[in-house]
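Some structures are shown below for you to check.
Paired with chain B in one complex and with chain C in the other, chain A is shared by the two complexes that follow.
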Partner chain A sequence: MTNRGIIHSMDALLSLLIVLVVVFTVNYYVNSSALNDSQQSDWLKQMSVDVGTVLEKNGRASTAIQNNNVSVIRTYLNQLPHAWCVDVSIFSNNDLNSAILAVVRPSCKTDASEYAVTNRSIVVTSGSSVSFYVMKVKAWWRT
Partner chain B sequence: MSTKTSSLSNHPKQSGQLFSVDVILALVTFLLVLYTITSLDSSIRQQIQLNEKEFARETAATNAAAVLLETSGHPSNWENGIAIDSIQSVGLVNNANQLITSKIQRLVDLNATNYDELRQKMGASRYGVELTILNLQTNAVLYSWGVSPGTSDQVSTINRVAILNGTNVLVRLKVFE
Partner chain C sequence: MNQRGVVFSMAAILLSLTLLLLVTYYSSKITLDTQDLYNQFSIRKMGIVADDLDVDLNKILGTQFDVNRGTNSTTIRITEKLPADINKLKILDWNRFVDQNYARQQNATIQLDVGKLTDGKTEYLFSNGLQYDYNYGSVNYVHLYKAGLNSNMMRLDINVTVNAASISKTAWTLNPAGDINVNLNYLDQNASNTVNQSGVLDSSILNSYVWDFGPGGSDRFTIQVGNIDGNLKAVKLIESITNSSTVATVSLRVDVNESLSSLTRYYDAGIFYQQGDVNLNRRMGLQYE
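For the complex of A and B:
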């Protein structure tokens, strides 16, 4: 009779433990920022697309390629909101392995756990010749 | 059989006490679990509601910013004296991220009289909206539209970069409730 009672108590304790673990796990995940994380990720992608679009349309990407100098891009990156970190690399269309130009926003650490990358085509005309390039824009939040 | 009956009838209290301890233990356990779940339930519900509200507001802000910076509006020449009732959506560009001054100016002109209709056409009718366009280099405010959020309002802020007449600008959209 005594042994049977102990076995029943162990069952009760086990089930109690399971119930409490489930309840506190639900509470933890509800309080965590899972929803915010998905929004942050979307904003990161948007940031990357926006920076690429603006660099192409304001002519800074073309200027950097023509001058073989990234200072115009770096100047722009320094004007972005403080929390934004961006790495811009430009590749010739026939060699996508080694960038011909690359610039990271100064004071940004490059060890972010989450980042977004977009690629844009850049067309540079010089006289009658036309050259094609690919601009890779990698964006992440400053930590 | 007869021995067992005799044994039980000789010790009725002992058997009853064991049963009572079991019941009390089960009852205490049940009440403990019930209390824990009940006390956590309200905070979980509240947190879910807050998360849903925040998510909905941020989604509205993201979508409104996309409408403004990635579309020309409908009709696309809505800035050319089109009656407010005939405007279905407002966009500030003809090409993505390239702002058109005349569209911004029309938006600003309609602020005083048609703020409610315009935020509805941005897809944010449930919220207050403030749009600010700043010079990216100097942080000077170039255009401002809408209503500023109060100190107790919950605000979702979207920052997007764009070009306005060759100037790099920051488009800041605040959606609040």
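For the complex of A and C:
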């Protein structure tokens, strides 16, 4: 009778142990399925690509260049998800060293450990004239 | 009795261990696959760069295309200006910009083949054989046709606005027994020469509608439909007005009677992109319908 009690107790303990192992394993893999460094880095790249594409295709980049005013770009940056930080610089074809326009999303600190940078060409037409620019979009996660 | 309990326990443990091993294996496999996928950014980047350059090319050329492939027919909408706002030879300046500064910024080799866009005519090709030419220079014209064949256009909607006053017009002859339906809406600054017409034309002959903007027939705007240089059911809009400030805004809708399983379209120009061991060689303005 005593032996049977010990066996039942051992059996219950073993079952509990198995349940705990399963719970901890599931917990481990659920947590590890969150974004890893590689994915975070890729998201950053995709973010900078998307921002550059939208700014060109919705005409905000051209408008900013023509008006020499970045407010249309800043308005767009403020509509991005809170965690996104973006810095947009536009360079004339004649001088790729100093930007003619630059705007960073307000309240974003530029002390991130990782940045993603993409470049996009912008063609601006005015009447019969055409000008070429390079837009650099730098993205990072808000710290 | 005790032995049976041990067997059940062992079986439960083995089953649990097997499940755990399987979960571990597939979880790590998914993680690896995801990383593989995300590590392909350099491959995705070449598509992004090509798209960027397509946007620029379309902006310089100024032509807007909208193509919808249906079950039994395909609708093509084209919006155009004759002459275009931008001199199409600006493509040469853009090519230099891409080859030098843009390629350097992308840290890649980028070479554009734009020779056939800068020889006085731009060509836009469809995979079903249709071709859209824009001739620029002393005479500006656009021409939609299938070389040496019947384009199978069944309905044509032509809208033209010219910012000058014509002095006379010469109409084409409608033929109810014809085989191509045409809606024509033409407007310039001489209201008496406005045309709003729907009818049927015989596509086996050349049908021309002409508006003269000066004496002697040297300045005129012409719409041709039908047999143009042996290309059946073709359409051509010709602006030959010497005053360079005169602009014709053209909007064309063409319904082509063809059942196509796929349709691609592109400019007769190419892009070569290379970064490391990743490279892309494709037509410019490439679209799949």
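Going forward, the second predicted complex is superposed on the first by the 108 of 143 C-alpha atoms of A that agree within 3 Å, B and C clash if a C-alpha of one lies under 4 Å from a C-alpha of the other, contacts with A are read in each partner's own complex, and residues count from 1 in each chain.
Here, a contact is a pair of C-beta atoms (placed from the backbone, for glycine too) under 8 Å apart; a residue touches a chain by one contact, two chains touch by 3 or more.
Remember, it's a predicted structure, so these values are computed and weren't measured experimentally.
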Original post:
When the two structures are overlaid on chain A, which partner does A:93 contact: first (chain B), second (chain C), both, or neither?
Top reply: second
**OP:** Could you look at A:110 and tell me whether it touches chain B, chain C, both or neither (first, second, both, neither)?
**Re:** neither
**OP:** Examine A:143 and indicate which partner it touches, taking first as chain B and second as chain C; both and neither are also allowed.
**Re:** neither
Original post:
Counting residues of chain A in contact, which comes out ahead: chain B or chain C?
Top reply: C
Subject >> Partner chain in contact with A:76 - chain B first, chain C second, else both or neither >> reply: first
**OP:** May I ask you to decide whether A:57 touches chain B, chain C, both, or neither, giving the answer as first, second, both or neither?
**Re:** both
Subject >> Partner chain in contact with A:67 - chain B first, chain C second, else both or neither >> reply: neither
**OP:** Give one of first, second, both or neither to describe whether A:39 is in contact with chain B, with chain C, with both, or with none.
**Re:** both
**OP:** Examine A:27 and indicate which partner it touches, taking first as chain B and second as chain C; both and neither are also allowed.
**Re:** first
Subject >> Contacts on chain A seen with chain B and repeated with chain C across the two complexes >> reply: 26, 36, 39, 42, 53, 57
Original post:
Which of the residues in chain A end up touching chain C in this complex?
Top reply: 3-4, 7, 11, 14-15, 18, 21-22, 25-26, 29, 32-33, 36, 38-39, 41-42, 45, 49, 53, 56-57, 93, 96, 118-123, 125, 127-128, 130, 132, 134, 136
**OP:** Can you check the complex and tell me which residues of chain C touch chain A?
**Re:** 2, 5, 9, 12-13, 16, 20, 23-24, 27, 31, 34-35, 38-39, 41, 48, 51-53, 55-56, 59-60, 85-87, 90, 93-94, 97-98, 101-102, 104-106
**OP:** Can you check the complex and tell me which residues of chain A touch chain B?
**Re:** 1, 5, 8-9, 12, 16, 19-20, 23-24, 26-27, 30-31, 35-36, 39, 42-43, 46, 50-51, 53-54, 57-58, 76, 79-81
Subject >> Residues of chain B touching chain A in the complex >> reply: 18, 21-22, 25-26, 29, 32-33, 36-37, 40, 43-44, 47-48, 51-52, 54-55, 58-59, 62, 95-98, 136-137, 158-163, 166, 168, 170
